[in-house]
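To keep things clear, I will list the structure first and then write my remarks on it.
Here the chain labels run A, B, C and D in written order, and each chain numbers its own residues starting at 1.
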Amino acid sequence: MKQWSQFLAPYKQAVDELKVKLKGLRVQYELEDTHTPVEFVTGRVKPLASIYDKTLEKGIPFEPSTELAAELPDIAGLRLMCPFVDDIGTVVEILRQRKDLEIIEERDYISNKKPSGYRSYHMIIKYPVQTINGEKTIFAEIQIRTLAMNFWASIEHSLNYKYEGEMPVEISHRLERAAEAAFQLDEEMSQIRDEIQDAQQYFSAFKET
Amino acid sequence: MKQWSQFLAPYKQAVDELKVKLKGLRVQYELEDTHTPVEFVTGRVKPLASIYDKTLEKGIPFEPSTELAAELPDIAGLRLMCPFVDDIGTVVEILRQRKDLEIIEERDYISNKKPSGYRSYHMIIKYPVQTINGEKTIFAEIQIRTLAMNFWASIEHSLNYKYEGEMPVEISHRLERAAEAAFQLDEEMSQIRDEIQDAQQYFSAFKET
Amino acid sequence: MKQWSQFLAPYKQAVDELKVKLKGLRVQYELEDTHTPVEFVTGRVKPLASIYDKTLEKGIPFEPSTELAAELPDIAGLRLMCPFVDDIGTVVEILRQRKDLEIIEERDYISNKKPSGYRSYHMIIKYPVQTINGEKTIFAEIQIRTLAMNFWASIEHSLNYKYEGEMPVEISHRLERAAEAAFQLDEEMSQIRDEIQDAQQYFSAFKET
Amino acid sequence: MKQWSQFLAPYKQAVDELKVKLKGLRVQYELEDTHTPVEFVTGRVKPLASIYDKTLEKGIPFEPSTELAAELPDIAGLRLMCPFVDDIGTVVEILRQRKDLEIIEERDYISNKKPSGYRSYHMIIKYPVQTINGEKTIFAEIQIRTLAMNFWASIEHSLNYKYEGEMPVEISHRLERAAEAAFQLDEEMSQIRDEIQDAQQYFSAFKET
């Protein structure tokens, strides 16, 4: 257990630091009285049980190692929830400009949703942690989603957990329809937003004449 | 300033304690592998500038006093965001059973939305804070909403702030339509949920035969 | 593991709540511009490995149970560090007045230090946690010490850990002398404090004539 | 007020990040079962009232500006408390190796205590904060002290505050004697530590023959 604690320590530290950093974004937007593209932020270190499952799946030894670190780039995980679909692009751009992390992979499961219906924007980053034994660079995964995408993903997660990967066709169909409905939710949210913004612009234009 | 800091200290303490307590609910649900009716929790002490505005509105002196404490029961404010409309009732019930706070008023702006379109469930509670000078009971407000209600409320809040209460009719109409759409969002969320639950029950029933 | 997580959850919750509550004491003293008898506060849930060791020692089964909860009243542990020996009495008094916990035992290892040289003030309390399944009252231990007592205790702890209870006589003698020196430290701290207070009073008296 | 909030936001962010980072040191040492040179960490943004006092003292305008930022490098302040005097050097070395901050000045008020008796190790650092408007590098001050130095400094601080800089000679003499005693405390702490370490080595050597 001790070995695992020491192996996981820089991941825990990275998650703690990144949570404070990403939550800070929200505060900055609020101070500028502008729309805040981040609703809330969560973070976690992958539980040992899930690391174990992953090593079985990938056929690698379950022991703290460089190989394991490379094969499981999501041991440290952060998630940002956005109010609107358009906010995701804003957040991605903001993350690309940060100099305290290096993005090494981006996967856009929003433009290209997974067959299951899963939608989310994923980034794998390299993040340097300063330890008492010098700098240690670790991988971390950042997921960026709307709240509707997040609902859907958590429903899918619990169903997968329940059926252990062998989901009955009936459930699986309903889940697809739910994914479709979640997509509609996001569309409607965007319309609400556009409508309000139009109204503001219309009124501003009117006032200036 | 010092006087205000001392006056506000037990409110700050109450908010810190209640945030830890209410966030704890989420952890407990997760451990039971059951649906979690609380998505996230926020808390704040009303900023001095807003307290000042409220005293003007109510025509009471802007000074730390028992009168001010009684007239502004929302100096300490907590907010719980729920995934589904039905979760709000669950959370209300859980709060009613707590023995560390006393509910002294409930307002259901969900069954009876405000003319503006605002929907949310409000509670005023009495909460005892243990201080170095003995127990001090303060008022706090707890708001319980879905995420869709929360979006709408934050849009309304910023528009009100922008137009300082004198919102043009055009904007106001659009805001009503937005409130209607937010309501539809919640309806659809519920349908997604019901559909998944039906599917699960259908399959369980099928499996047992 | 799941069973243990659920068993330990209210202890974790209690530690989180009590940390916020006890740290709040410090803030309150600072706002009153008076001497702060609490330097810092720590808290922890007893690690499973230590719970296991204790069950061996006590000859009880290592499983989540009411018996285990009763036999190990320090699963939830809080520690308050005080600048001066006299502050300990102040903190004890403040804790006795709190209405959100019930003290069921006090042990004064300061007036009566343990044979090893250990000095600290211990309290076993009952603390009600509000859970989603109703109120659950748990035991917790609060330790109150000066910083010098804390240094000594942490040295003793690591030596005990190293020698697994069979400390060589030589080490044990040095540890006694260290305990004596730590006691002297506290005496000197008190003298510094008294000296400053005398000076203040002397000067105040002088000024008033 | 808004302008000040925006000006101070990156300082607040830096303090939050550095607190998480420096507290992490402690956890890392604990995992290695070795002596932990950091007892606890505090941080704060300088209150506006103190910033105001400093601008008067320095004869610069009280307004958010680059000049003010340059003249007051301690708007963001972190403090690390160490158990032993020797730990301070260890912590300084650890901070020098970090790549997420740049040390631009070090002042050793331990080798060269201030005339008042003040002892502490000060660093001014440059720390980059990633904001929504790009990277912003701010100054911060890190103070490293033993607990005895910290006691003395807080006593001096409150006396200075009380006498507003015009401390009576009598008090001032006592404060010097207190500083001397605080120094003695640190010496004795070191002796306890050396004694224990000697004993451990003596015993280890004995065991190996």
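What we mean here is this: a residue touches a chain if its C-beta (ideal position, glycine included) is under 8 Å from a C-beta of that chain, and two chains touch if they have at least 3 such contacts.
Remember, predicted model here, so these are calculated numbers, not experimental data.
Between chain A and chain C, the superposing rotation on Cα atoms measures out at 180°, rounded to the nearest 5. Chain centres here are means of the Cα atoms, and by that rule the chain farthest away from chain A is C.
One simple way to say how far apart two chains are is to compare their mean CA positions; for chain B and chain D this gives 40 Å. Distance from the chain C centre to the chain D centre is 26 Å, each centre being the mean of its Cα atoms.
Rounded to a whole number, the gap between the C-alpha centres of chain A and chain D is 36 angstrom. For chain B, the set of residues touching two or more other chains is empty. Taken as a contact graph, with one node per protein chain and an edge wherever two chains touch, the assembly forms a single closed ring in which every chain touches exactly two others. You'll find the chains touch as A-B, A-D, B-C, C-D. Interface of chain A with chain B (complex): residues 33, 39-40, 83, 147, 151-152, 155, 158-159, 162, 168, 170-171, 173-175, 177-178, 181-182, 184-185, 188-189, 191-193, 195-196, 198-200, 202-203.
Of all residues in chain D, those touching chain A in their complex are 2, 5-6, 9, 12-13, 16-17, 20-21, 24-25, 27-29, 31-32, 94, 97-100, 128, 130-132, 134-135.
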